[in-house]
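In the two complexes below, subunit A is the common chain; its partner is subunit B in one and subunit C in the other.
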Partner chain A sequence: MSAAANKTRLVEEMKAQSGQDPSQCFQCAKCSAACPVTAAMDLLPHQVIRYLQMGMEEELLKSKTPWICASCFTCAARCPRDLDLARMMEGIRLSMLRCREGNKFGPADLTPEQLEKLPQQALVSGFRKYNK
Partner chain B sequence: MRYRYFPGCTLKGQAKNMENTTLAAATALGIELVELEEWQCCGAVFPLYEDELISLLSPVRTLAAAEGEPLVSLCAACHHVLKRAQELMQRNEDARHKVTEFLEIDYKGEGRVLHFLEVLRDDLGFDKLAEMIKKPLEGRKAAAYYGCLLLRPSKVMQFDDPENPTIMEDFLQALGAEVVKSPYRTECCGAYLSVTEEGVAADTVARILDSARKAGAEMLITACPLCRYNLENCAAEDGKEPVKVYYFSELLAEAMGLQFDDLMAKAIERRRSSDVGSS
Partner chain C sequence: MARTGVFVCHCGTNIAGTVDIDQSVEASRGFPGVVHAGEYRYLCSEMGQDLIKNAIEEHNLDRVVVGTCSPRMHENTFRKAAAEAGLNPYMLEVANIREHCSWVHREMDEATPKAIALLRAAAAKVALNDPLDIPELDVEKRALIIGGGIAGIQAALDIAEAGYVVDIVEREPSIGGRMAQLEKTFPTLDCSACILTPKMVEAAQHPNVNLITYSEIDEVKGFVGQFDVKIRQKARSVDSVKCTGCGICWEKCPSKAPSEFEMGMAKRKAIYVPFPQAVPNVPVIDRDNCLYFKKGRCQICAKECPPEAIDFEQQDVVIERRYGAIIVATGFDQLDPSIYGEYGYGQHPDILTGLEFERLFNASGPTGGKVVRLSDGKPPRNVVFIQCIGSRDKARGMNYCSKICCMFTAKQAILLKEKVPDARSYVFYIDVRTAGKGYEEFQRRAAEEYDVAYLRGQVGKIFPEEDHLVVHGVDSLSGKIVEIKADMVVLAAASIARCDAPEVGRKVGINSDSYHFFNEAHPKLRPVETHTAGVFIAGACQAPKDIPDTVAQASAAAVKAIGLLSKEKLQGEACTAEVIQDECSGCLNCIAVCPYTAITEVEIEERHHGGTLKRTVAQVNPSLCQGCGSCTATCRSGSINLKGFTNEQILAEVDAICL
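The block that comes next holds the complex of A and B.
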């Protein structure tokens, strides 16, 4: 598949499967101001949308940011354009998990101490989020 | 008042105390929580792409099992997934058709899906709750910690105002506690980043605890086992004034004067009577 076809596929899928159209964003960056975990991100949330607008899919798929997003939905709560960036982040993650890298995280990555103390909810949601 | 009750995996494991204290308090309040038979996982995360239908199978099976009766859960994550799955079933006819065909069930998205705090606020009423408190938490400086999943997205969750919620503060007031407001009460704790990116969760948790401490809180309440785990385990708290973390239901049971032995006994009795009722 050519790079150009790939670029449109991610955004087209995103529009269809999450109802989110990145072109609606006017880059006010309220999402980046609201996000509680930007310190660990290599691209800020509003920059992710800008990259989507520019069709820079390869760069997005290399970025750490979608994996840092905790789906806390604060960005969506504060977006003046009523966009749900958490859904867009999910789209980038799914694009990786479905077509490219496979599972990102599994039980073998945990220490016995973590396995003993973590709430079941964290284990199930973590595996769901990072595996297909 | 009768409700179908969905516990979820964590309430039978690490967060057993949230279940025990809630069931005991509910019994004392005249709220009947009838556990769903043969329930399974809520799905754990709500799928944010609408073609991820496989993640909807278990929440939709749960929603359908409530048979139109109000469905109550305690874990913030379970409630979030169930509520959003219901909204998707109501809105997306194609997804509903595929999921219900696969499960061979009939489900149209009907029935109330509630968090137990909503039952206390909307069905029982906090005024009524306050009247039934036997040992008010006088002078205890308690702050609410909402986290993410109960509040957002507010259009679907319809739990409270996503930026300025009051339900947990009103709940604490009904228990007679001295309510303290902390600015970071709606911020994310870091969720499962505590599993993969410990440093990130250490930062988010430190901000939440420091904010509560500055506001004068000696304790925080939460309805989420993962929030509690993160708040208790992720930040370096050495030498700082402690901020204890409780499930909302632990304070409820305490304010209702229920001792731990009573709680255990009543929870077990409830389980037995629901087993008898279902056989």
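The block that comes next holds the complex of A and C.
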């Protein structure tokens, strides 16, 4: 665990992407209590933020939770700290792709097999990124 | 020609660290009118003051400039020192070379010329200073307390015991406030009414305390020592003198309305006392719900009343009275949790706020003291308490911690276990905050001895299912989603400012924070004073507060009021505005901007070409003027001067700085 460094690449990238600051969270966990898809998550939403606060980048990269997130924004609607966790999740997904894979491909470079394997959320992220 | 002395303070290294003191002293010697300049490490010390006093004598100084900290800190200290050496205290000026200079600059070569400029400005101003007299004001030996809760009652009793007359103005028909609604008090679990009602009775019986209930403040004018207050005593429709409080009227009254005291969970009659121990025990007729006032018939209360105390013709009465001091103790409201759709408050009878749940324990409450579900009258087995409803919520609620909820929740969980032994309590919390004497121990007792399950997390949604409520939450410590089949849910709704706090603040002339809680003059050192002299605050109108803190603050406010009332005369403001009536054009714009209604129009006679001419001009009442300077800034012809800050003096300062 790299708890000392909050300023890991993933966290910084996520902050830049989402405009949300995980240090604002005081871990009331209302996001997790409200989330409709926690049953399929390996980390609860509030734990994802905790991992960001602790700079636990490697552990977070292994988690499926950001890819399970349905972007329903219930967490954002409930958060007493006015944090938009859905946006953070999106930021994490983008950052994960960038940290792990780099910016290697454009949509045209993907083969049909790759497209089949690619998670839906990554496609959404990709479209958002390339549509700018 | 002025004989000015300039004294520059090092303030340890606070000033000397950034400002070259020697250079400043040297430069000061060259200012017009300056005959002496000196420096000292701490001018505010006795040695420093002696230095000034000796120099005044030795060099025959008639004016003094001190280059020190802000005048808010030590202006009085130095004025007193100058007065002790025989000068008029207003012949001294402070050049603020700490807050305005050394503290905000890093480089000595930049800060030093600025300090010199500030000293030069002060020297230029002081050369034009005139001796001013401090007016003396009378003090009306009577205090007004707005709000008759525990804060108001405590303050009133303290002031009354000190020998001064005090009036409590209470909006409701009875004094008692929020504390009267509570069943037990934490952390000792003594019965709230048992400790409150003796104080209510004491206030009613004390010869120095007047209760003005069912009344509100209409208007506050005047100033410290002489506040002129209009109090609207609403028509009670019952003659307080004749009424014996026998209760026949409210027994016989046929119309009902939701009881405010019972948070709407029970009905009261149209003629009612809010609760059995009400003080005064005189009912009021709620005219909106009374059959006679609505439809012109009934009058059963009047027919049944043995002493014939019912008076349908009674009108509102405006009491006009003068007070020396005012204490504002208007208390708090509870946030309405229906803004949170996920909790379902207002949509199900078994989802209650903390204050509503509290009433279920009370023998005179809506359930006669039985803790039962309002839906089916059965005792609850599983009760879920949720903390921080609207507190610590900057998105939809209040950003602050309401301070009392952790403790009242622990209290209610303990009381529940005692009333319903097989009940189980669950508390969803973000943090348990129990700072206070005996508080932590109390909360731990709830968790350890009363089997209260504390779950660190929040609730995402509550929905009814069959005969219970499903509470969907999370325990963040185990990282597990928790679902509880609850019979009742209690929401610890935030304590918020009274909805009409801004209006009260405006009337009394005190300001409040962004949540509408009244502001104290200093968060640490002047906790019960306000920025308006003579007005003090106590209790939860200042911030969420528990009973011990409220009572302590009320006694503190009382001491401040007593200190004020005990003075024979008050020192008024020397720096007041003055109209040069020869130059005044009579536009009277100054009247519109004066926040203290100190300016009036007056007709003067002038000689004009051999005849006399009548002309309207402005006139300042110096005992009302607080010296804010709005009028001088507004005056188009520059014919209003603020004493001590005349237009000439200000321009001399500007010139000196621009040199």
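Everything below uses one rule, namely that the second predicted complex is superposed on the first by the 92 of 132 C-alpha atoms of A that agree within 3 Å, B and C clash if a C-alpha of one lies under 4 Å from a C-alpha of the other, contacts with A are read in each partner's own complex, and residues count from 1 in each chain.
Keep in mind that, in the parts below, contacts are C-beta pairs under 8 Å (C-beta built on N, C-alpha and C of every residue); 3 or more make two chains touch, one makes a residue touch a chain.
These numbers come from a predicted model, not from an experiment.
**Student:** Subunit A residues in contact: does subunit B have more, or subunit C?
**Tutor:** Touched residues of subunit A are more numerous for B.
**Student:** Considering only the touch criterion stated at the top, classify A:Gln27 as touching first (subunit B), second (subunit C), both, or neither.
**Tutor:** A:Gln27: touches subunit C, not subunit B.
**Student:** With the two complexes superposed on chain A, say which partner A:Pro112 touches: subunit B (first), subunit C (second), both, or neither.
**Tutor:** Neither partner.
**Student:** Could you tell me if A:Ala40 is touching subunit B, subunit C, both of them or neither one (first, second, both, neither)?
**Tutor:** first
**Student:** Pick one for A:Ala86: touches subunit B only (first), subunit C only (second), both, or neither.
**Tutor:** In the superposition, A:Ala86 touches subunit B alone.
**Student:** If I apply the document's touch criterion, which positions on subunit A are contacted by subunit B in one structure and by subunit C in the other?
**Tutor:** Common interface on subunit A, subunit B vs subunit C: 39, 74.
**Student:** Enumerate the contact residues on subunit C facing subunit A in the complex.
**Tutor:** My answer: residues 342, 388, 392-397, 430-431, 456-461, 472-474, 476, 479, 481.
**Student:** Given the complex with subunit C, which residues does subunit A contribute to the contact?
**Tutor:** 26-35, 38-39, 43-44, 46-47, 74, 78-82
**Student:** Which part of subunit B faces subunit A closely enough to touch in the complex?
**Tutor:** 8-10, 13-15, 41, 43-45, 47-52, 55, 75, 77-78, 148, 151-154, 162-163, 186-188, 190-197, 199-200, 203-204, 207, 225-226, 228-229, 233
**Student:** Hey, which residues of subunit A end up touching subunit B in the complex?
**Tutor:** 13, 17-19, 36-37, 39-40, 67-68, 70-74, 76-77, 84, 86-87, 90-91, 94, 105, 109-110, 114, 117-126, 128-130
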